[in-house]
Amino acid sequence: MTPDLARAGEELAAECARYTAMGWMRGTSGNLSVVLDRDPLRLAVTVSGKDKGELTPDDVVVVDADGATEDPVKVPSAEAGLHARIAAVAGAGAVVHVHALAPVVAAELWPDGVELRDLEMLKGFGRAAHDDRVVVPVVPNSQDMRVLGNAFEAGFRADVPALLVARHGVYVWGEDLRRARHRLECLEWLLRFKVETRRHAP
Amino acid sequence: MTPDLARAGEELAAECARYTAMGWMRGTSGNLSVVLDRDPLRLAVTVSGKDKGELTPDDVVVVDADGATEDPVKVPSAEAGLHARIAAVAGAGAVVHVHALAPVVAAELWPDGVELRDLEMLKGFGRAAHDDRVVVPVVPNSQDMRVLGNAFEAGFRADVPALLVARHGVYVWGEDLRRARHRLECLEWLLRFKVETRRHAP
Amino acid sequence: MTPDLARAGEELAAECARYTAMGWMRGTSGNLSVVLDRDPLRLAVTVSGKDKGELTPDDVVVVDADGATEDPVKVPSAEAGLHARIAAVAGAGAVVHVHALAPVVAAELWPDGVELRDLEMLKGFGRAAHDDRVVVPVVPNSQDMRVLGNAFEAGFRADVPALLVARHGVYVWGEDLRRARHRLECLEWLLRFKVETRRHAP
Amino acid sequence: MTPDLARAGEELAAECARYTAMGWMRGTSGNLSVVLDRDPLRLAVTVSGKDKGELTPDDVVVVDADGATEDPVKVPSAEAGLHARIAAVAGAGAVVHVHALAPVVAAELWPDGVELRDLEMLKGFGRAAHDDRVVVPVVPNSQDMRVLGNAFEAGFRADVPALLVARHGVYVWGEDLRRARHRLECLEWLLRFKVETRRHAP
């Protein structure tokens, strides 16, 4: 392991443990990645099929821009290809994908995109708290990462660092894992607020 | 204690502590088991009446295919007979039974079985994320494990590793405790999603 | 401190920390007691006004059958009189009073008493899982412990070890703190189930 | 650092960690302050932009009555000016501002103020449990702390130690951080109760 990969492994395992404790990575769901190199693109991504609350820094594998690995043993997450696509298109340094409930409920209620506006927490998502309409795109679920990646890219806007995959989960990205985490936490709060207040609408 | 039983006791206590922390084993509710031998069937099952957050590896008792024990002191869970039946019929290596709320609410709302389809989390339950209709069976509650066992067996399908007992709780099984856990966590998520989105249906 | 009182203090502090972590003793709310002597009645009750997540074994005070203390310094919970009344009338060895949300919501929705029936969790409350109608009494809130105590006694049945105080909280009792805890946990689950399924009723 | 500032830093970091664990400071949201001096007013306030679950006692900065600092390096929370205004007008020794969900949902449902009455938890908010009508004021969100401060002051009543900022969060204050915490915890409970029971209203 290179020092960069070792450090990425430590950070990825720590973030996974955090999200697992929040109930956002039930079963073996979800996966996180960090960019190691830009040219050519190389990412460290969490391995497939492990309990995300029990990852070690070694449970990480290097993939290329297609999500493919040359690792003879470790299997990257099946969604590594979408991580790589997001990192390439959005220029993100870290991509987090979790199965929090509120984002998936929101995607079900607003399948054409979830509109958020005039909420303080939008600042933590990189937008303005007033008069700034944000629409988080929703794409249909697929097992083909090229299909998902094309749908992502078709709806991509540089100022919306998140993607909802219907009946599946949420992707959020940022410069590094810390900033992606803050955006994810704010977005999850916003979507819970949106779902909760819809219930009470007259 | 044999080494196998001692190891089973350690694993069962650890899993119980985990589920208790999630609020799924309130009071002294729920029970877990692992298969020790297949022929004749012998299972290690958690003892009756103890706080599941405070089990020790010794709080485990060996039962046969009828859920009966020869242990002169320890009392197995009253539901040990259903654990043994599930292990025999489904060929499971571990059976977990918890009183999470969402499964019992779902069983109340869909008493003829809970249909799940086109949801990514179904992969963590051993099924496909698309075009694969899953119906989790619901059986009426009973204190007679033969009655429950017959109802379970009547609705058993090898590709649905779970059973909802109405107004009671959920059983999930798998090759070992880890895999049963992952299936349970995914099923609980799916049932929360199902209940939450029903509330918002037009 | 007598050894009995010291042990009671340790147990009361530990149980308070547990309930605080569950969100059931927000602010400085709630109070717990254990009976030290029956004739005349003496109880160890948690002191007033402290954060229940930060109690020490010393934060306990001895009260008599009226909830009064001879302690020159420590102030017992204002509700000590009701604890003593419950201990006397029900013969309980421990009384727990917490401000969990579901019991107070249930008391609001069913002000004439909350009916529970045909639910497995009733076994953990000391009743049968089938064909056994349980009505948890609801009394109006009051700051006068004699008024509350009279309302409690008027509706007391030996087979219902709990009392809901409207717009306030829940009392549950048992032989000791452990058994009171198990009954409380089961009752809270039952009331959450009752509230959740009412929401979905046609 | 003066001893007072060092102690304030320790207490602020500990309270932030507590609220973060409760999910009330997602992303980098929320900020806390304690008064160091009254004349002229000086407060220690948490720095801007950090994860509130990872603050150290050093992540605190001194501001004046306008929320301005002379610190050459550290940036106070953008809301420091409102903290100072509340401390001045209400005479509070500590001000806590968090993004718990229920207060923001309540502000959305009752934009003219949230009425609370005849609830035991009001005692933990400094009011009576009976026949004492409390209205928690709601003000529109703003990024200008003078606008927010003026709206706060216009609706200020000495017996209501809280302010809801619509689509943003809640401020609660008290003599010190501990008492502000207890009031916040009680208010959050009260607003959850209010929101939950509204859902069930006929």
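Read from first to last, the chains carry the letters A, B, C and D; within each, the first residue is number 1.
Definition applied: contacts are C-beta pairs under 8 Å (C-beta built on N, C-alpha and C of every residue); 3 or more make two chains touch, one makes a residue touch a chain.
Keep in mind the model is a prediction, meaning the values are calculated, not measured.
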| item | value |
| --- | --- |
| Minimum number of chain-to-chain touching steps separating subunit B from subunit D | 2 |
| Interface residue overlap between copies subunit A and subunit B, same or different (over half shared) | different |
| Label of the chain whose CA centroid is most distant from the centroid of subunit A | C |
| Rotation angle superposing subunit B onto its copy subunit C by C-alpha atoms, nearest 5 degrees | 90 |
| Centre distance in Å when subunit A and subunit D are each reduced to the mean of their C-alpha atoms | 31 |
| Inter-chain centre distance, subunit A versus subunit C - centres from mean C-alpha coordinates, in Å | 44 |
| For subunit B, residues that touch 2 or more chains besides their own | 199 |
| Which chain pairs touch, all of them | A-B, A-D, B-C, C-D |
| Residues of subunit D defined as touching subunit A within the complex | 26-29, 51, 99, 101, 104-105, 108-109, 141, 143, 165, 167-169, 195, 198-199 |
| Residue numbers on subunit C that touch subunit B, as the complex places them | 118-121, 124, 129-130, 178, 181-183, 185-186, 188-189, 192-193, 196-197, 199-200 |
